[in-house]
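Look at the two complexes coming up: subunit A is in both, with subunit B in one and subunit C in the other.
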Partner chain A sequence: MSNAQIEIQLIASLVAIACAIPGTFLVLRKMAMISDAISHSILPGIVIGFFITQDLNSPLLILLAALTGIITVILVEYIQKTGLVKEDTAIGLVFPALFSIGVILIAKNANDVHLDVDAVLLGELAFAPFDRLLIAGVDVGPKSLWIIGCILLITIGLLFAFFKELKISTFDVGLSASLGFSPTIIHYGLMTVSSVTTVGAFDAVGAILVVALMIAPAATAYLLTTNLKRMLVYAICFGVFSAMSGYWLAHWLDASIAGSITTMLGLLFLVIYLFAPNKGVIAVLYREKQQRTEVSLLTFLLHLRNHSEEEERHVNHLNEHINWQKVRSKTVLELALKNNMIVIDNDVVSLTEKGNDFTSQAIDYIITNEDSKIEHMKDDFFLFRG
Partner chain B sequence: MKNNIAVKVDDLTVAYNYKPVLWDIDLEIPEGVLMAIVGPNGAGKSTLIKSILGILNPIAGSVSIYGKSYEKQRALVAYVPQKGSVDWDFPTTALDVVMMGTYGSLGWIKRPGQKEKKIALEALEKVGMLPFKNRQISQLSGGQQQRIFLARALVQDASIYFMDEPFQGVDATTEIAIINILKELRKANKTVIVVHHDLQTVPEYFDWVTFLNVKKIATGPVKDIFNDDNLTKTYGINYKVSIQE
Partner chain C sequence: MDITEYIKLVFTDYTLRTITLGTAILGAVTGMLGSFAVLRKQSLLGDAISHAALPGIAISFLITGAKDSNVLLLGALVSGLIGTFWIRGIIKKTHLKSDTALGLILSLFFGFGMLLLTFIQKQPNANQAGLDKYLFGQAATLIESDVWLMAIVTGACLVVLLLFWKEFKILLFDADYTKTLGFNTKFIDILITTFIVLAIVLGLQTVGVVLMSAMLLAPAAAARQWTNSLGIMVFLAALFGAFSGVFGTAISASQNNLSTGPVIVIVASVFVLISFIFSPSRGLLFKQIRFIKNRRDLQLHKTLAFMHHIAKTHENISHPHTVKILNNFQGYTRSTLQKLVHKNYVRLDGNMWSLTEEGFKTASNLYNQQSDNNE
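Then we have the complex of A and B:
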């Protein structure tokens, strides 16, 4: 690997981490759309900042542009508060307006501004290593690496300091307010971090990839865990993984790096969406099928318990008696045998003691919905997992 | 004992988008009562509690907790929100939610540690939810979720408890378990304010009641003011409840 390649991957990974952290909270707050709005509406801020500073990497430009992001949020909330339109509509009204102001500003000054809309939206990671930061004449690395590195450090610092506040105000606004953790302050803090990150990263990776890196890893992580800290860690890992693998995909296909990273994010989400152990599509389908079988099992066991006459319990007559198809009776019979709930003697099925106990407990649970007694059954049977 | 005023509300008017939903409420809640707030859906019961707790800003009027503003008395107050007000799919466990009750005494930045965990476990035990401490909260039944909320309020170790419909969607056993804990709180001279919908049980559970429907209809001891007249004024229709004397 060349130096430039390492630097590109490093920048992409740091951007991924810096995005995944606020992104996790945006996803949990169901505010994914607002990051899209911010990423577009910072354009006028960037253009005006560029007029003033003539330097795309100047901290002043970053602050000015981030301010436009905050203004977006304030405008969206203001419009929403009038009660005339819903939040998504408000977002849809605000960001195209701000974005178009940016487009007009660029068009009007196209001659003396070295800036175009494509560059803002798509960025170009491949060029990031060319813009070096020189301190006292010494090359200390690409400018974007330093910018995103600083933003990331601040983000991590804020996360560690205010993790508890972020958690409570995201989960329960009312309690948060009543305990004195102003949800408004935390909300605008999060919005500021999201805006600064978006601006700091757009030059290298483009505004669209920023949105993807904020939302997709968090949404993917959400499918895998029920623990907020782990969700953050997973989101960071998915982000970094997509950034790295996306880079190599682009290298291999000779395609846009940002595009390849976004593709990887999408693929990763798709895979997890299908295969996640609990919330994944396949797991849910499997669980539903198992539950159906288990209900049949219970029906079958009940039938055995209620009928002592042998004729009702004959293997070959079971189909007719409980009115099931062959396949279904076979699965149920096998499941019962596997769990030692029945014995088959001379083709006549009888309940074992275990089968009898199981039936009583299960019926008890279904009637009382009291699930402390059946905790031990939850591991083996989906039926009891709510 | 009933001389101290725990909560005082003066001329409170609250509006959403400039449309008042609470008009000119005056209310004094004495210390040590177990009080029900009753009124139809949309009467402003949740709004009243939220305004007392500084979650909403009133357009007029003031609130005091033991004579001082809520901001100064936060530590004295615990709150159980209406169940639908939080996202139960949030990635967190029962124990974690209960620990949130300790955040207020920790203040900004400081993180909960072993001591807070111990307090939370005790509260879980008290509401009979210890076996479920590591369960993700969406995998709890409605009544269990309500118990978790109650445990979270208990760890706040407050003097005044506000509970928005703690009996919503719970079965008879849980309801009795909850009311027993509330009665215990009252015995310890705590003030408990509960939004309640089941009018039949008001005389049995509570000793104080406030009728609310946009305006305050009446407030006082259950035995004096819980009658058909006030119920009719509050609910608009002719109300008949048989009160066992």
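Then we have the complex of A and C:
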């Protein structure tokens, strides 16, 4: 690995961490799309800042652009407050307008501006190591490494200082207000950090990747845990992993680094989305199927309990009476047998003592409107689940 | 270039005519379908779909190796639909919220599309240039066949819209009721979503991936302010969209270095801004005026009630009093007094005022009426 390669991976990883922290809170606060809006609408800020400073890495430009991000948030909130349109429409109206202004500004000054829209949207991580920071003539590393490093340090500092406030205002706005933490200040603080991170990172990785790095690791982590600290750690790990592996994918394909990091994030999300233990799609589908069978079983047992007549309990009759398909009734019947709920004697189905107990308890719960307790009851009675 | 000259040019110049027609049709169809997206609270879906269409364009180019815009748009349609249904899957099957799902699909698909685009650019194939016009759109590349395609899709969309008008409308406002009436809600839902995706994909070539969502939203959001009827809203949105297209093209054509897409979006945003401020029933300006007027009315009533309070104690209700005693009363101004005189509730005589018969009657019924209204 050459020096430049290490530096690129370092920058990518730092960006990933710096994005994952505010991203986690954005996802939890249902404001993920705000990060998309900010990432687009900082463009006019960047362009105007560039006219003033003539340097893409100057702190003034970062501040100006971050200010545009906050203006976006304020504008969106103002439009929402007027009640003329819904929240999401407000977001969708504000950022394309600002972005268009940015594009037009660039186009009108194309001749004397060394800046193009592609670079802003996509960034070029591969060139980041060539822009060195010189302090007193000594080369101390790539500029973007320093910028994103500073932003990351500030973010981590703020995270540790205000973790409790962030947590409480994310999950219970009312409680945090009554305890004396202003949710508004926390909200705008978070927005400021997100804007600064977006601006600091856009030059290295581009606006779209910033959105991906903010939302995807947090969303992936959210599928695995419901503990905030663990979610933060997972999100950071996913971000760094995708940054590293994305770099090598890009190296191998000779394609955009930002694009391949996003692709890695996407693959990671897809895998977790499908296979997450409790909340993955496969787990959810399996659980839904299980519950369906168990509800059928309950219906079946209730039917048996209601009919003492033999002809009502005959296997053939049951099949047509409850009107299930063959496969389904077979599954249900087998499950009942396995759990010792019924006995089949001469093709006549009858409840065992255990089945009787289970059914009468279930009826009690249904009558008293406490259906949710049936779920716990299943643990006590079932040897095998559906 | 003055306006008449430009208009003449629109009819004679092939390129300009094609572009103007194309953007106008595009604006109309996106405005029409955008109304449904806005009312269904799926405003940002457009943003997600347009980004999600990018890998489809790249993949269909990789497969066919041709730059035929119809084939590329077909790829965009497929990948846009995949993105849409994945978003639904995420919202339905996991506890992630819709904003997270949208942002996720948007950025992941777009990033993947960029990976493919850069991958294509490195391929030893001379044909690959020009794919990145789908990023920001280039109305100048529109040709007559593209406009025909747009017109056909718009026609189909119009037919479907008229055919399923009742179903769309009822699904929009009361989904549960629709289900109980026996309509196949899933089918209607998929139908309208597919058409929204189709409209977005059509616009990619003209306004590009990034700004397409504004084309969908802005005309509809503007139209929403002027009416409460769905039919009128759809019509107005189509009108606003078409005008944004025409004006945007005109502005960008009359200036150097202005790409059409962003200009159209800005024109559409101006429409929204005007509607937000000047719409008679919902607009901010008239709302403020109504607010001030209500406050004045209240002050007027307060003054009248105060006068009534004084006049009540006298046998003759028209007994004159000095204006001075009103001075300590909060809410009284010289203009409210003038207004009362104007309404013939009060008679002024030098520095003295007296209630008229009519004024006394109104004042004594003032709060009765209000309590009646409240009930």
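The definition used in the following text is that the second predicted complex is superposed on the first by the 287 of 386 C-alpha atoms of A that agree within 3 Å, B and C clash if a C-alpha of one lies under 4 Å from a C-alpha of the other, contacts with A are read in each partner's own complex, and residues count from 1 in each chain.
In this section, a residue touches a chain if its C-beta (ideal position, glycine included) is under 8 Å from a C-beta of that chain, and two chains touch if they have at least 3 such contacts.
From a predicted model like this one, the values you see are computed outputs, not experimental measurements.
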First (subunit B), second (subunit C), both or neither touched by A:M231: first
Partner chain(s) touched by A:Y222 [first = subunit B, second = subunit C, both, neither]: both
Contacts of A:I156 with subunit B and subunit C, given as first, second, both or neither: neither
Partner chain in contact with A:L337 - subunit B first, subunit C second, else both or neither: neither
Partner chain in contact with A:I168 - subunit B first, subunit C second, else both or neither: first
Partner chain(s) touched by A:T82 [first = subunit B, second = subunit C, both, neither]: both
First (subunit B), second (subunit C), both or neither touched by A:I6: neither
First, second, both or neither for A:S178, with subunit B first and subunit C second: first
Chain touching more of subunit A, residue-wise (subunit B, subunit C): C
Subunit C-contacting residues of subunit A that also contact subunit B: 82, 222
Of all residues in subunit C, those that touch subunit A in their complex: 38, 41-44, 46-47, 51, 89-90, 93-97, 99-104, 106-119, 122, 132, 135-136, 210-211, 213-214, 216-218, 221, 224-225, 257-259, 261-263, 265-266, 269, 272, 276, 282, 284
Residues on subunit B engaged by subunit A in the complex (per definition of touch): 16-17, 50, 53-55, 71, 74, 77, 79, 81, 85-87, 90-93, 97, 100, 103-104, 106-109, 111-112, 131, 136, 139, 141, 152, 171
List of subunit A residues in touch with subunit B within their complex: 28, 81-83, 161-165, 167-168, 170-175, 177-181, 222, 225-228, 230-231, 369, 371-372, 375, 385-386
Complex interface listing, subunit A residues touching subunit C: 27, 30-33, 35-36, 40, 79, 82, 84-86, 88-89, 91-93, 96-97, 99-101, 103-104, 107-108, 110, 117-118, 121-122, 208-209, 211-212, 214-216, 218-219, 222-223, 250, 253-256, 258-263, 265-266, 269, 273, 279-281, 284-285
